[in-house]
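After this come two complexes, each holding chain A, first together with chain B and then together with chain C.
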Partner chain A sequence: MQLNYEDIQVGSDLPSRAWGPLTNMDMIRFGAAVDSYGEIHQDYDWCIEHGFDNVLLSGPFKQALLCSWLDEIVGNKGFLKKIEISHRGINYVNETLKATGTFSKKYIVDGLGFVECDIAITNDNGLVSCPGKAILLIPMKDTDFIDFNFEAPVTYESFLHNQISAEFSDSGNIYLTKEIIEMIGVMGEPYTWPEPLDVSAIRRFTQGVFETKPRYVDIDYAKKSSIGSLIAPPAYVIRPPFGFWDKGMLGESAIPIFTVPNTNVAVNGGNESEWYKVVKEGDTLTQQARIIDIYEKKGNKRSLIPVVSETIIVNQFDEVVALSKQINIRMP
Partner chain B sequence: MVEQEQNYLTPEILRQIGKEGEETIWPEPLDRSSLRRFIQATRDDNPLYYDEEYAKSTKYGSVIAPPFYFHRSFPSPLGVVEDAEKEEMRHRGLVDTPGFAKQVNAGSEIEWFGQVRIGDTLNSKTVVSNIEQKQGKNGPMILITYDRIIKNQDDKLIAITTQKSLRRQSEGTSLF
Partner chain C sequence: MSKSKLFYEDVNIGDQIPQLGPLTWNTTDIVRFSSAVENYEPLHQARDWARSKGHKDTLINGPIRTSMLHNMLINWIGDDGFLKKLSCQQRAADHPGYALIAKGSVVNCYIGPNGLGYIECDIHIENQEGTITAPGKATVVLPTNENPNVPEYFDLPNAKS
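For the complex of A and B:
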C-alpha cells in the first residue's frame, strides 16, 4: 500500500526491518555486486591479524540496506532524496541488523512532500552502529507519479573550479605531516563506469541487498512506468563499480589515493549522499572526488585520522545525479 | 586371499543413471558488466573479450565471451535472492548417494561448437550418464559422470561437456 504524505505523523515510528544473521556469503555477494574485494570485508585471517573479532560487514553494505529499507517505506511512487549516516560501531558477520527510525519533520516545497526522519541500525547486542538522518520524498494522495528531477547546488563545472586548501601548522599531531595536510583540496581524476548500467549489474546489486522493489527488479513494470526502464537503486549510484584494465586490475576509486604514514587500517566513518536524478539502464556515470578535510583525533584504543572527501556523480549528459561526502578513517 | 570389495552401488543409486536435470537459463542476456567481472576474475587480458575496436578487426567481428564463460553459474533471476542451500542444490541436487556426501570435482572434458556474444542467452541441460564405484587410497568412492549440453537462444549448440564428480564416504546426504 502506498504511504502518502498526508498520513505521516511527525514523531511516529517508521516500520522497522531486520536482516540476518548476515553471513560471509552475504558480504561476498555484496562485494561482488559493487566490485569491492577489500580483505576487511572478505578475509577472516586478515581481520583477526588486524585486531578485529571477525569479518566486518561493510559500511556501504549497511548504508545500502538502510537505503533499500527507506525506499520500501516510500512505496512505488516515492523516492529517497538524501541519507546521512555515521558509522559509530563495528558490525561483524553472523550479526542480525535491525533498522529503525522516527519521522521528525514534514514540509512541502514546490508542491512536493518531503519528510525527514532519524534512523539507525542496531544489532542483536543493542549496539547502535549507524545513526543518521534521511529525507524522503513521499507522494501526496492525489499524486500519479513524481518526476524525480532536481537541480543540484553545483554543476560539474563549478564543482571542478571550487578551490579548497589548508595551511599546515605544526601542532604536535603525529600523523598530520605537511605532505598529508597538502592533500586537502587535491582533486582525483574523473572516473567513468567501465560500461553503461546494465541488467546484470542491477541484478547483482539488488540481490546483494535483498531488494525487491519493482522499479529495480521487474523489467515489465519498469517499462510501463513513467521512467520507461529499470533504474539503479540510489545506493548503487553512490557506490559505482570499479575499473577496467587501464584503471587497475581490481579497480580504482575516484577518491585520490594516498597513504597516511604509520597507518595500515582504514574504516568507513560515515557518508552523506543526496540524489538529484534517476539513473536509467544504459546510463554511464562519471564520478570525480576531492579531499576536503583531514584531521586527527584520539580514539579509545588508537589515534584516528578521518579523511573527508566529496564526490560529484554525473551522467553522460554531465547532469549531476548525486553528491556524496565520505569520511574514511585511517588508523595505526 | 583378496578381500571382496563391498558394493555400495545400490539399485537406488544406479537407477539415477539417465536422470535429467531441469533446463537452466541465464537470468539475462550476456551484458558487459557480467563479462567484465568474469575476465577480471580469471585475469584474462585478451582484448578479444573486452575491446570492441580490436574485436571488430578480427574474424569474430565483435567481442566474444572467453570459451569457459558458459561454465559460470546460472544465478537466480532479477529480484530473487536464494539462500546458499538452494543455490548449492541447483548445482548438486541431481544425484543422491547416501553415505557418500563429500564431493570434489574430478575433471571435465569440453568441446566447443560456437561463440557466445553480448546479447546471447544460454541454456543448459544436464543428464547423469554414468555412476560407478572406485577404490581410493582412503576407501571407496562413487564417481558420477554428467553430460551437459549448452545452447544459445537460437537453439545453436555452443558446447558439450562431460563432468566427473567424486564423492567420498561420509555421513549425511549429498542432497542439501
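For the complex of A and C:
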C-alpha cells in the first residue's frame, strides 16, 4: 500500500526492517555487485591477522541496505532524495542488522511533499553503527506519479571551475603539513564507466541488497511505467567506480589518493548523498571528485584526520544525477 | 605480441604444450572468479565455514583449474586453432595461496574426415607441491598446409547433413 504525505505523523516511527544474519556470502555478493574485492570484506584470515574479530560488513553495504529500506517505505511512487550517515562502529559478518527511524519533519516545496527522518542501524548486541538522517519524497494522496527531476546546486561545468583552497598556517602540526593543506581543492581525474548501465549490473546490485522494488527488478513493470525502463537503485548510482583494471587489481575510487603523514589507518567515516535525476538502463555515468576539506579532530587518545571529498555524478548528457560527500578518517 | 600460426604439421606426438603459470590464487582472485560466474558458495570464500566442515581452508574452484587448462590450450593453438573437446577430473583440493601450473603433452595426431588436423593431448593442473589435482584430456583442431582455415562451427556427431 502506498504511503502518502498526508498520513505521516511527525514523531512517529518508520516501519523497521532487519537483515541477517548477514553472511560472508552476503558481503561478497554485494562487493561483487560494485566490483569491490578488498580483503577486509571477504578474507577471514586477513581480518584476524589485522586485529579484527571477523570479516567486516562494509560501509557502502550498510548504507545501501538503508537506502533500500527507505526506498521500500516511500513506495512505488515515492523516492529517496538524500541520505547522510556516520559510520560509528564495526559490524561483522554473521550479525543481524536492524534499521530503525523516526519521522522528524515534513514540508511542501513546489507542491512536493518532503519528509525528513532520523535513522540508524543497530546490531543484535545493541551497537548503533550508522546514525544519520534522510529526506524522503512521499507522494500526496492524489499524485499519479512523481517526475524525479531536480536541478542540482552545481552544474558539471561550475563544479569543475569553482575554486576551493585553504591557507596553510600551523607549521607545528604533524598531520596538516603544507603539502596536505594544498590537497584541499585538488580534483581527481574523471572516471567514465566502461560500459552503459545494463540489466545485469542492476540485477546483481539488487540481489546484493535483497531489493524487491519493481522499478529496479521487474523489467515488464519498468517498461510499462512512465520512465519506460529499469532504473538504478540510488545506492548504485553513488557506488565508487571500482573495476577499472588498468588502475590496479582492486580498481580505484575517483577520489584523489594520498597519505597523511604520521597516520597509518584509514576508515570510512560517513557519507552524505543527494539524488537529482533517475539513472536508467543504458545511461553512462561519469564520476569526478575533489578534496574539499582536511582537518584535525583531537580525541582523548589520538587525533582523527577527516578527509572530506565531494563526488559529482553526471550522465551522458552532463546532467548531474547525484552529489556524494565522503568522509575518510585517517588516524595514527 | 604477434604469434605465428600453428599448423598441424608443426606438431608431433610427445611435444610439450607451453605451460601456463605458475599462477598463485589468493582469496581475492578466487572471489573475483566466483563473482564473475555468480557462484557465492561459502566453500570458495568463507574460511571459518570451510574449516568447520573439515577442510584445511577454502577451496580453489574446480572451474578455475579447468579455465587454466582452456587458457593454456588457447594460447598454444592461437586464433586459427579450435578447442574442440576438453575433459578434466577434479581429484584433490587446492587452497588459497597455492600456485597452480597447467601442463600438457601431445599423445595423438591425425587428419579428420574433414581434412583438418586433430591433436589429442593429455593435460593436467599441478600445484606447487607437484601434486596433480586436476588431470584431463583435450582435442584441438589445427589448420593444415592443405586446409589452412578452420571453421568456427562443427557439426554435432549425430547431425543430419
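Simple rule for what comes next: the second predicted complex is superposed on the first by the 308 of 332 C-alpha atoms of A that agree within 3 Å, B and C clash if a C-alpha of one lies under 4 Å from a C-alpha of the other, contacts with A are read in each partner's own complex, and residues count from 1 in each chain.
Please note the rule applied: a residue touches a chain if its C-beta (ideal position, glycine included) is under 8 Å from a C-beta of that chain, and two chains touch if they have at least 3 such contacts.
As the structure is a prediction and not an experimental result, all values here were calculated from the model.
S.K.: Superpose on chain A as described above, then tell me if chain B and chain C fit or clash.
M.R.: clash
S.K.: Tell me the contact category for A:217 with respect to chain B and chain C: first, second, both or neither.
M.R.: In the superposed model, A:217 contacts chain B only, not chain C.
S.K.: For A:194 in the superposed arrangement: first (chain B), second (chain C), both or neither?
M.R.: In the superposition, A:194 contacts chain B only.
S.K.: Please determine whether it is chain B or chain C that touches the greater number of chain A residues.
M.R.: Answer, by number of touched residues of chain A: B.
S.K.: Check whether A:28 is in contact with chain B, with chain C, with both or with neither, and answer first, second, both or neither.
M.R.: After superposition on chain A, A:28 lies in contact with chain C alone.
S.K.: With the two complexes superposed on chain A, say which partner A:10 touches: chain B (first), chain C (second), both, or neither.
M.R.: In the superposed model, A:10 contacts neither chain B nor chain C.
S.K.: After the superposition on A, what does A:39 contact: first (chain B), second (chain C), both or neither?
M.R.: After superposing on A, A:39 lies in contact with chain C but is clear of chain B.
S.K.: Shared contact residues on chain A for chain B and chain C?
M.R.: Residues 23, 25, 32, 204, 249-250, which sit in both footprints.
S.K.: Considering only the defined contacts, which chain B positions touch chain A in the complex?
M.R.: 27-29, 31-34, 36-37, 40, 43, 45, 50, 75-81, 84
S.K.: Mind pulling up the chain A residues that touch chain B in the complex?
M.R.: Going through chain A, the ones touching chain B are 23, 25, 32, 35, 194-196, 198-204, 206-207, 210-212, 216-219, 241, 244-245, 249-250.
S.K.: Per the contact definition, I'd like the list of chain A residues that touch chain C in the complex.
M.R.: Per the touch definition, chain A meets chain C at residues 23-25, 28-29, 31-32, 37-39, 42-46, 54, 204, 249-250.
S.K.: What residues on chain C touch chain A, complex-wise?
M.R.: It comes out as residues 27-28, 31-32, 34-35, 38, 40-42, 45-49.
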